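Quick heads-up: structures coming right below.
Here come two complexes built around chain A, the first alongside chain B, the second alongside chain C.
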Partner chain A sequence: MKLRPFRTAVLGLSLLIPAALVAVVLFLVVYSGQAMQFNGLHFLTDVTWNLGDLYDDPVTVKGIQVPSGAEYGILAFIAGTLASSFLAILIAVPLAIGTAIFLAEAVPELERSARRTIPWLPPIRPVLSMLVELVAVVPSVVFGLWGIAVLIPFLGHHVSPTGNGYGLLAAAIVLALMITPIIASTLLDALSQVPKENRESAFALGSTHFEVVTKAMMPMVRATLIGGIVLALGRALGETMAVLMVSGGGINILPTSLFSPISTIASFIVSQLDSAESDPTNMSVRALSEIALVLFLITLAVNAGAKLLSSGALNVRKRN
Partner chain B sequence: MSASAINHTGGALALRRKITSIIGWVGCGLGLALVILPLLDIVGVVTVNGIAAINWDLFTKNTGGAALGMKNAIEGTFIITIFAMAIAVPIGVGAGIYLSEYGKNKLGSTIRFLSDVLTGTPSVVLGYFSYIVFIISFGWGFSLAAAAITIAILIVPYLARITELALTQVPNTMREAAFALGSNDATVVFKVVLPAAASGVITGALLALAISVGETAPLIYTAGWSDYAWSGKFTHSPVAYLTYVIWTFIDQPDAHSHSLAYAAAFLVMMVVLAINIGVRLTVRRK
Partner chain C sequence: MTKFSKLLRTGAAVLAIAAAAGAAPRAAHAQVDVPLIESGSSLLYPLFNAWVGAYTAANPSADITTTSTGSGAGIAQAIKGLVQIGASDAYLSDTLVKKNPTVLSIPLAISSQAINYNLPGVGALNLSGPILAGIYEGKITQWNDPAIAAANPGVALPSHVIVPIHRLDGSGDTFIFTQYLSASDAGWASTLKFGTAVSWPAIAGEVGAKGNSGMLSALSNNPYGIAYIGISFSKQVAAAGLGQAALLNKSGQYVLPTTANIQAAADSVATTTPADERISIIFSEGPSNYPIVNYEYAIVDSHQPVPAYAEAIRDFLKWTVTEGNAGSFLGPVHFLPLPPAVQALSLTQINNIQ
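Showing the complex of A and B:
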């Protein structure tokens, strides 16, 4: 076989991507090794995250040096992550379905009838769908800023019984805003691919336009919709800055109400930089590495699920 | 059975269908409004407060000392982005070339899949990985090198996939014509395929740029923070960046810090939105 230097070179560059991924997993696993040994399964089942006394002499447990009194349990963060993400999905799904249906079906109709009276009307639908897409590109930290400036005071004055707006609900609302465009654009794409025959036969049977959408079109795109929801869930689970800024940063306590202060796994990692820097035994850095690994595995599982679902969705469309 | 009874129930049913339909459309419209109105509010709040906070000091003074400006953060974001792009563009475009031109095989699909996994990895995990590797194991300390490499890892998969997408749109006949004239692999790619797909590749690079300007989480554990201008060293020298100003200064009690946070948010948002709107408008025109 002839040596092909150019092909080999670009292959080498593309192999850097898997290499980076392998390096991420490898380093997280190796670095969290001692933490796994020290924590055992308590890591996932304990609520308390206690760095121990960083100024006292370290003690040796199971042959590992740790600050005295240290214990690392992330159940509260897992609960905070799941609660905020699922609540966000609960808010985002109806919003996204409404958005997609309105953009796909109502806006073209409204545009047509409006153009009869105002012929020079500029196209509206592309502008509206671009606005929806733009929601997804606003940086997370800007969402957080808006949360602090607008959402938190609003929740504090009008919704929260304690007058404090920070907490689970605020995190879920901000997350919902960030992920709605993901679900909406997936659904919009799928709706535009529903065969014309299906719509027309539903109309011919005397359905109202809304019935055509809900009874003839939505059932056909259900699988794609679920794929989009799972994809959005993956994004919500790993979202960091916006959640960090509005969630109240609760630790060592499981959320009990919509206004409980929470931390998610991602936001907790960021908030622990200082303690990681000050632990002489490095144990908290190792425990944080373990928590990052847990987050990686959760998002990996969710994203893989989304992938499987959307490949299944393609098959459904082919069968039609 | 009298015909009038049937008519009556038929009328009630028709009315119910009509009402359901109206409620349904209104509900859908409300959904759209609840997505777009917060965006407009975000842009409005940040723009109004941001423009009010903009003055000459922001661009000429550092956050250190009296914290009058944020020249250090503007420079830092600029430098981190430049170096991240310098690392990521050759790798991402090269990987995209492989995937599009030679990657229609098992190895190609594996790389594609792992690239998607890397895209789906939360950016804070990548940041923490870099902290372990570069800051602790390599002993670089918070530094430009660690920050730029982390952002590069974050955007390479995007670049690769967008480049691949752009290159696969180039008709095969162009490649065949070039090969028939005796060109080798590199000539075909650089003289024929890449120029034909240039707009797509540039689009990808711009979107990657927007991502790197707006990121925060991966930088917290890698760039650190410095109240002064970047020292010019790649390691052992923390770097300031704009998104840090947003998330820490908004939590300060004084109004001046808040106005710095809004000014930073305004700059970041304008860059990100301008790139994204520009890309969408030019892509649609074709």
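Showing the complex of A and C:
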């Protein structure tokens, strides 16, 4: 048989990523096995999280050694993750749609009229869209610092009824800032690819500019918009550092208001890992990897849902 | 420890020595030093950096890398043999010692913790373990609660909800704070106990903050807040205009974390410190003893795979508890030197590293 080194190498490389994914999932499942056995379904339905007394003798429950008093319930963190991410999407989507439409439709017109008075005016739109994309690459810890230095005092002094700015709303706003450029730049790319003919024929039929955008252009980029939102949701669900700094780090408490202290799954793993490492039974670390598995499943579900939505399988709304 | 990790460790050590031996002819001294790694407590990190700088200047062949990861990581990595020196604000638990009998907890210096508050219009404030336990359990929710008022006669306490601020990351500061609450409040001792992370009771207005710097900004951002912050941050705390509470000690006195009061506490347990030095200087007996004081530890395996490692660790740690305990190193982080009796115990433990 003829040896095909190129094909073999490319095949090997392309298998590397799925193999790594399978390895990670396998590791999480195997490593958290004992924790699953100990926790059962209470893991998902309990609000109480307690590493137990790591300085006392471990006890044996169901044949497994655990720190005395250990109790692992993550409902509060699942709630915190979903609440902050969806709230962030709620804030980010209108902002991003507005930004993208402004850049795609309003800026070129502004540019044309401005150029009549200032002929040497450099192109504005590429600069503006580059700025939007730049926001997407700002490291998350910078957003966290901004949150602590600017957002938290503002929320505390002017918005929060208790004077405490940390919590769900602060986390959602910081997340929204981080994901708005992701949605906006994806949408902007899609809008600029809408065929000129569609746009012009809509104008020719007597549509207003608003109708052209909402009826002729937005329906064509719907799938891309959903894709962008899911991409952004993925980042929001997994964001760690910025959330850790402003979320108030709630534990054993379900969010009841916009100013409730929350923890997200990702930030909670980071915050507990150091203490878990000094657990002589190692059960704390296993419980944390079980949480990681849950986060993985949530992200998977979100992505699968998005695939269905953007492929139109769940499309109930008729196209105009 | 598993056979495999031991094998790996020995292999790495042999390689390191081979590399060091190869480089030796270039060094001025014939002495061969192996590379050491220190990892752990972020509170100890600045001190280790100052120590390693001065130590390396005096011993050019020394090769020590410092990293800031967290006390728990320091303990875990030292036990696994991934680092030679684990830095920790907390000593090893009994269970960990039973599982790893060769791993030592060696005090290097003395640290302390302040209870700080952000109370507009209130100057001095007295607090006790039971009051703090009540606040962090959610039982005492108002600043003008009768329990707080009884401890502060003549102070006009505001009628405002208390914002309790705690560390959300694993922390030696949480360890010593909850040890103080456990030692002074029976209710806390039987339910929440102590540890580098505890299962904080749900309080609607609570704030979890990351690191001592996060605690400081959370307290500055929250009027009517209360927080426990490592003594290393006392300068920043004072600059932010935050108050420092006097705490009720075992002898029934309210005391501030002054150098004299911390030293008094350290001196009072110097003679009762056991040979393995795993003890907290929390809630100690004595009229001027500040109640939240602790040893800062190096976690070291006394059975090093290669003698050269043991020698390098011994030399460095001996230096830290003698010359390294000078005020020029400890002053900037507000740590205190070990009392002579404890220094002797630490030196004995260090000499056991083989």
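Just so we're on the same page, the second predicted complex is superposed on the first by the 290 of 320 C-alpha atoms of A that agree within 3 Å, B and C clash if a C-alpha of one lies under 4 Å from a C-alpha of the other, contacts with A are read in each partner's own complex, and residues count from 1 in each chain.
Just so it is clear, a contact is a pair of C-beta atoms (placed from the backbone, for glycine too) under 8 Å apart; a residue touches a chain by one contact, two chains touch by 3 or more.
For clarity, every value in this text was computed on a predicted model and none was experimentally measured.
Per the definitions stated earlier, placing chain B and chain C onto a shared chain A by superposition produces a clash between them. In the superposed model, A:Ile148 lies in contact with both chain B and chain C.
In the superposition on chain A, A:Phe102 makes contact with chain B only, not with chain C. In the superposed model, A:Gly69 lies in contact with chain C only, and not with chain B. Contacts of A:Leu51 after superposition on the shared chain: chain C is touched, whereas chain B is not. In the superposed model, A:Phe6 makes contact with chain B only, not with chain C.
Once chain A of one complex is fitted onto chain A of the other, the partner contacts of A:Leu273 extend to both chain B and chain C.
Of the two partner chains placed by the overlay, only chain B lies in contact with A:Leu295; chain C stays clear of it.
In the superposed model, A:Ile251 makes contact with chain C only, not with chain B.
Using the contact criterion defined above for the overlaid structures, shared-chain residue A:Arg125 touches neither chain B nor chain C, since it reaches no partner.
Here chain B and chain C are compared by how many residues of chain A each touches, and B touches more.
Residue overlap on chain A between its contacts with chain B in one complex and with chain C in the other: 148-149, 244-245, 270, 273, 276. Residues 47-51, 53-58, 69, 71, 148-149, 152-153, 156, 162-166, 244-245, 247-253, 256, 260-261, 263, 270-278, 280-281 of chain A are the ones that touch chain C when the two sit in their complex. Interface residues of chain B, counted against chain A in their complex, comprise 17-18, 20-21, 24-25, 27-32, 34-36, 38-42, 45-46, 49, 90-91, 94-99, 101-103, 107, 110-111, 114-118, 120-126, 128-129, 131-133, 136-137, 153, 156-157, 160, 184-186, 189, 210, 213-217, 220-221, 243, 246-247, 250-251, 261-262, 265, 268-269, 272-273, 276-277, 280, 284. Residues 4, 6-7, 9-11, 13-18, 20-21, 23-24, 27-28, 31, 94-99, 101-103, 106, 126, 128, 130-135, 137-146, 148-150, 177, 180-181, 184, 208-211, 214, 234, 237-241, 244-245, 266, 269-270, 273, 276, 282, 285, 288-289, 292, 295-296, 299-300, 303, 307 of chain A touch chain B in their complex. Those residues of chain C that touch chain A in the shared complex are 69-73, 75-76, 90, 93-96, 99, 161, 163, 166, 168-171, 193-210, 214, 217-218, 221-224.
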